[in-house]
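Same chain, two partners: subunit A is paired with subunit B first, then with subunit C.
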Partner chain A sequence: MRRSTFFRFAGPSIFIMTLLMLIPLIMAIYLGMNYVTYNNVTQPQWVGLRNYIEVLQDNRFWQSFLFTGGYMLFVVPATMIVGFGVALLLDQVSTFTRGIYLSLFLLPFVIVPIVGTLMFKQLFEPSGLLTYLYQTILGTKFRYTEVSVKVLILLYGLWYVAPFALVTYFAGLQTLSKDQLEAASIDGASVWQKIRHIVIPHLRSLTILILLISTMDAYRVFDSVFVLTEMNPIYKADTVMTYTFQTAVTVLRLGKANAMAILTIVGIMIVLIPNLIQSYRQQVEER
Partner chain B sequence: MEKVKSPTGRVLIHVALILFSVYSMTPFFWTLLQSFKNLKDANSRVPKFIFTPTWANYEELWLRSLPENGATIAFFLMAALVILVCLLLFAKYIPVRNGVIYGFVIVGFVVLLWAIPRVLDMAKFYDYFINTLIVTVGTVTVSITIGCLAGYGLARYAGMAAVVVLVAALGFRALPRLAFVLPYYWIGAALNLLDTHLLVILTLVAVNQPFTIWMLRSFFMEIPGELEEAAMVDGCNRLTAFIRVIMPIMWPGVISTALFSLLLAYNEFLLVRLLTQTNWTLPVAISRYTGGEDPRHLTLAAASAVSATIPIMLVILFFQKNLVKGLTAGAVKG
Partner chain C sequence: MKSTKFLLLSLLVIASLLLSACGATEEPAAPTEPAAAEPTEEAAAPEPTEEVAEPEVDPSACNLEPPAEDTEINMIGWSFPITDFYADELMKCDDVENLDINTNLLASADAKEQVRLALSAGGDSPYDIVHSANAGVAEWAAAGWMMPLNDLVEKYWDEYNLGDIPEIAWDGATIDGQIYGVPIVANTFHLIYRRDVWDEMGLDVPETFDDVIDICGTIGLDNPDWDMPFAINLSAGWAWEIEFFQLLRAYGGDYIDENNNALFNSEAGVKALEMILEIANNCMGPDGYSYSLDDQEVALELGTLPSSNNWASRAANMSDPERTDLGDVIDYAPAPRVSADSPRVASAWNDFYMIPASVTNDPDLIFRIIMEAADEQSQQEAAAVGMTTRASAAEYGGPYLPAALQSLAEGIGAYSKSQANGIVQAKLAEFLPLVGTGELTPQEALDAAAAAYTEEATAQGYIE
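Showing the complex of A and B:
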């Protein structure tokens, strides 16, 4: 294919990405240097780097940054362990039952996040099923406190993200070489040895993929926190995204919110740049 | 892995899988139960599993007033719906060209959706449902059309420009939505497009585009290049070869990608919340029922959550295979 033909095919897509992703990104950097509220959206007032400095000195921003980090550190490994374990079990059953289980497992993944969190919350309302179980088993009342809300956010994260790791690992297990496993069995390897020395190395590249995607998704967690905390600051459970959202919508400081969004991008770049370089090399090699 | 042979082992595996299914489904089932309770049953401190079910929550959500001849109207609407779904399911066995039938069914659905608010006094929730349909269908159509063209170009062109576009798209995919949404608000305000479907669709297409082109490209790479070369020898040009030869065998990949595009558009909350004031989609409308002082919100939230989930569950039941294939083949998720 010639270069001009390529641009004719990819043109519309490149055009819309430039217009609605690249330019807005540059605009966000610029708007971050202005004092903007909803009243003067079209006539921003230049303040230089003041917004950026204000964000960096904002305690609540760092607090939300830490909570986002904690969320990532729990949800990402937990979903991978649960996903891997269940995928191993699912691999054991017959093809027909697999299909049924898989449709049930996929529900948390396809459900609208806002709606899924709402359903999750219904279980923990004063009249909820799990509130009742909690009370009968532990003997104390379930209350929405800083700790319990944070735990709910983590549990929801696990419920919502695990199916993705599960399906990806499950597909990976289907490509395992039978010969290698048989050879290991003949040599007298135990199940754990086979998992440790054959299955896990085989799934290495998939593990990296899941790690990357779920880290990026965990970093921008918003919907579940929005519903579970109802944006109430007493739970101290803001994530970077919900705090930015509040700055934009409740405090009406659009400029500061933009500066905050740009600084969070700088944060994600630390994880992203090595990955981008690697995929760039890979693409060049393929050609 | 080799299968576990011992009977106890097999039973334990199924027990574990069933427990995990229960864990996955519990929030949905509990909400489903709550949505059919009246307020007294729903607020009972001891969970009630046996109660007289009521449609009242769904009625309050969807209808503004209940017509006298409601049963007759509902009967005719249901009959029309059943006919359309049957046509869709059994199109293969009807001796008319399938394209004609599908076209007829689509027109039928549009007419049905148009007719419902004219015979019944529908509440705001119906408008939000229609908004969601417009935004979802619009986003999927536009992003798949331009995505297919770009994905094909990226799969076949070997130059550096393709590498740059792909890596840039990967970078965009990782960025938090919020960074784009605020400038979108600015653009919308400047062009006087705030609160329109057009702005929401265009922005959703843009934020989904990186993921769409990566996934479609990986599907196009599976198709051998000799195919369109042969067609071009036979007198097609690039574009006609693409439309007549490549696209007909690309449908499974297109459906997989379209499913993810559909989920992303249907699920979007943040962007729609900030760019619209009245033309909300379902996620934004439903978020109003979270918290709040009104005690009726408990059961209404349950009913709205179930209402928004049923369409997605139907889509997944029909296309589960494509969804799993998309998850594993492209191995990219929005």
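Showing the complex of A and C:
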């Protein structure tokens, strides 16, 4: 394709992306190098890299970074495993039944995140249904502690994000040739061997896609933490996003919050770029 | 095999539905109430205007002369029952010819964020009426974003009987003699308790927190009839900060001095935190650290909590037969003190309607729209859903009102109007809850908060 033809097709997208992503990004980098509160938004004071250094020396930032990392390490693989498992089960049932199940499984994905979290939280409040069941079954009260709140955040993350992996894997399974599976069965392959040697390789590119998107989502987790912890420091469940929010909204340090946002983007890139390169290489190989 | 898969899928669906559907039936309960009330008000509103030929005869209508040109008035604020009511009152002016009223009621953090974004950048204000609480006066008016209303208050003092609003409420909106807002809502803390339980156990209404702790011992922390004997709100950092502020003032301390230097890491501060711990340990137990205001309200209404030092705005619901059958036995008393001669542990709060300095519409018209929504008739009706500011509306309020008014009169007053207060609050919210978990002693938590506050306040130019 000629370069001019490429730009004629891609021009509008490049223009919109520049407008919506590049300019705000440059603005955020610039604001991160200024001392800005709401009192001097129109006359920010240039401080160079001071905000960035302050963020990197801030213990709470690193605590929130660690919890975000832990969240990613649990939610991303768990989402993929649960999504994959349920997609395999769905693939086995009749078309009519799977339609019903699929729409039901998609419910968490359809619900607005903040509403979903509020509903989830309500189940674990003193008058909540699951609190009652917990007490009835285990004979002890459900209490909000550092551990239980972190577990709730992880479970909510799993409940909320797994449908995305499920739908993606399920769509991928529909493109898998039944002949291959039948041939493997005739050759005496077990269920696990068919999954291991046929299904998983077939879904590899989708797995990378899910991994990328789930990782980005997990890195940006906000709503569930905000609602479930009410920013209470005793739960030690700040994420990078909630801490950035607190810095901007409660202490009104917009410059520092922008520096955090930029460092967050850098963090995401460090995680994603190797995956993107791998994905690109795989695409080239497949072609 | 097929049935096993079917069973597995069914279990997963049930688990998923439990998390979504079960919550869904309960969650919207609170939001739907005001939403359901809205259409009724709106549907009812046009009737009197059509029937009554002279609008000034109907005091509940918006009795304004139509402006000469089409005028759009935008209001921003946050939602709770009484502010929802005032928003409906503002909307009545939408029936006036050439007037188009828009009300945006968001979550409080979102509304404040919108106001900051809109006004900090300069230029014309997209909002004509801004809802604010005490902290907003300190932050927004001191930043020069809000219009002094002295001239308008003076001009309409008699017409709208503004002397009916007590001076303490006007003070909340006044900085250096400039009035920046019209007080529309009052709020404070007071004791809510079960009179039947008190009678049955022969208990006296507590006058101090030591009395409260004794009562907790009598009722029993492990009493299976109750979630806990008594509750204050320690479920979040901001909640700790409010309880601490009230006790600190009651012990004679304060947050900052006139030069914005930290004062709260004092003996009074330590006493305040020790009292919080004592209340938590004797009256609330481990569940107390996550027992939110909503939990307290629901528990009082359901009859699983016998007493609480709680907001007057929460008490307004306690007589609502749609919410509780216990309205007849729930009683109210002024907030306890820390000692016989201390102020009551009850801070004074107000909400205001303010006008941004950079509005493009006629401030006189905007002020009159505010006053139509907050006139005597409106506040008398508003008293059914919350605590209003006009003395003449007091008799229309709920049974909690005498206790709330006494708490206000004998309480610790309002936050000072320094912009640095916001930083104090944020830093205290960060450290105080760690006292509850035992990670920090009261003195350590206060010193850590003071150090963090001083660093930030110095960086922001509040401390030289």
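The rule is simple: the second predicted complex is superposed on the first by the 255 of 287 C-alpha atoms of A that agree within 3 Å, B and C clash if a C-alpha of one lies under 4 Å from a C-alpha of the other, contacts with A are read in each partner's own complex, and residues count from 1 in each chain.
FYI, a contact is a pair of C-beta atoms (placed from the backbone, for glycine too) under 8 Å apart; a residue touches a chain by one contact, two chains touch by 3 or more.
Because the structure is a prediction, the values reported are computed rather than measured.
Asker: For A:Asn39, is the partner it touches subunit B (first), subunit C (second), both, or none of the two (neither)?
Answerer: Only subunit C; A:Asn39 stays clear of subunit B.
Asker: In the superposed arrangement, does A:Lys141 touch subunit B (first), subunit C (second), both or neither?
Answerer: So A:Lys141 only meets subunit C here.
Asker: Just to be sure I read the superposition right, which of the two partners does A:Leu272 touch: subunit B = first, subunit C = second, or both, or neither?
Answerer: After superposing on A, A:Leu272 lies in contact with subunit B but is clear of subunit C.
Asker: In the superposed model, which partner reaches more residues of subunit A, subunit B or subunit C?
Answerer: B
Asker: Check the residue A:Thr250 against both partner chains and state whether it touches subunit B (first), subunit C (second), both, or neither.
Answerer: second
Asker: With the two complexes superposed on chain A, say which partner A:Ala183 touches: subunit B (first), subunit C (second), both, or neither.
Answerer: Neither partner.
Asker: With both complexes superposed on chain A, which partner does A:Leu73 reach: first (subunit B), second (subunit C), both or neither?
Answerer: neither
Asker: Which partner chains sit in contact with A:Leu102 here, subunit B, subunit C, both or neither? Use first/second/both/neither.
Answerer: A:Leu102: touches subunit B, not subunit C.
Asker: Looking at the overlay, does A:Val227 come into contact with subunit B only (first), subunit C only (second), both, or neither?
Answerer: In the superposition, A:Val227 touches subunit B alone.
Asker: Please identify the positions on subunit A that touch both subunit B and subunit C, taking each partner from its own complex.
Answerer: 41-42, 86, 89-90, 92-93, 97, 101, 104-105, 107-108, 111, 115-116, 118-120, 122-123, 125-127, 129, 159, 230, 249
Asker: Can you check the complex and tell me which residues of subunit C touch subunit A?
Answerer: Interface residues on the subunit C side: 2, 5-6, 8-9, 12-13, 16-20, 22-24, 26-27, 109, 113, 116, 120-122, 139, 143, 227, 235-238, 286-287, 289-292, 294-295, 298-299, 302, 304, 419, 422-423, 425-426, 429-431, 433-434, 436-437, 456, 459-460.
Asker: Quick check on the complex: what are the subunit B residues that touch subunit A?
Answerer: Going by the criterion above, the answer is residues 1-4, 10, 13-14, 16-17, 20-21, 23-28, 30-31, 34, 42-47, 146-147, 149-150, 152-154, 156-159, 161-163, 165-180, 182-187, 189-190, 202-203, 205-207, 209-210, 213, 238, 242, 263, 266-267, 269-270, 274, 282-283, 286-287, 289-291, 298, 301-302, 305, 308-309, 312-313, 316-317, 320, 323-324, 327-328, 331-333.
Asker: Would you tell me which residues of subunit A are touching subunit C in their complex?
Answerer: Contact set of subunit A toward subunit C: 35, 37-39, 41-42, 86, 89-90, 92-93, 97, 101, 104-105, 107-108, 111, 115-116, 118-120, 122-123, 125-127, 129-130, 141, 143-144, 159, 230-234, 246, 249-253.
Asker: Using the touch rule from the top, collect the residues of subunit A that touch subunit B in their complex.
Answerer: Where subunit A meets subunit B, its residues are 1, 3, 5-14, 16-17, 19-21, 23-25, 27-28, 31, 41-42, 86, 88-93, 97, 99, 101-108, 110-116, 118-123, 125-129, 132, 159, 163-164, 167-168, 171, 173, 176, 181-182, 185, 194-195, 199, 206, 209, 213, 216-217, 219-220, 222-223, 226-227, 230, 240-241, 244-245, 248-249, 254, 257-258, 261-262, 264-265, 268, 272, 275-276, 279-280, 283-284, 287.
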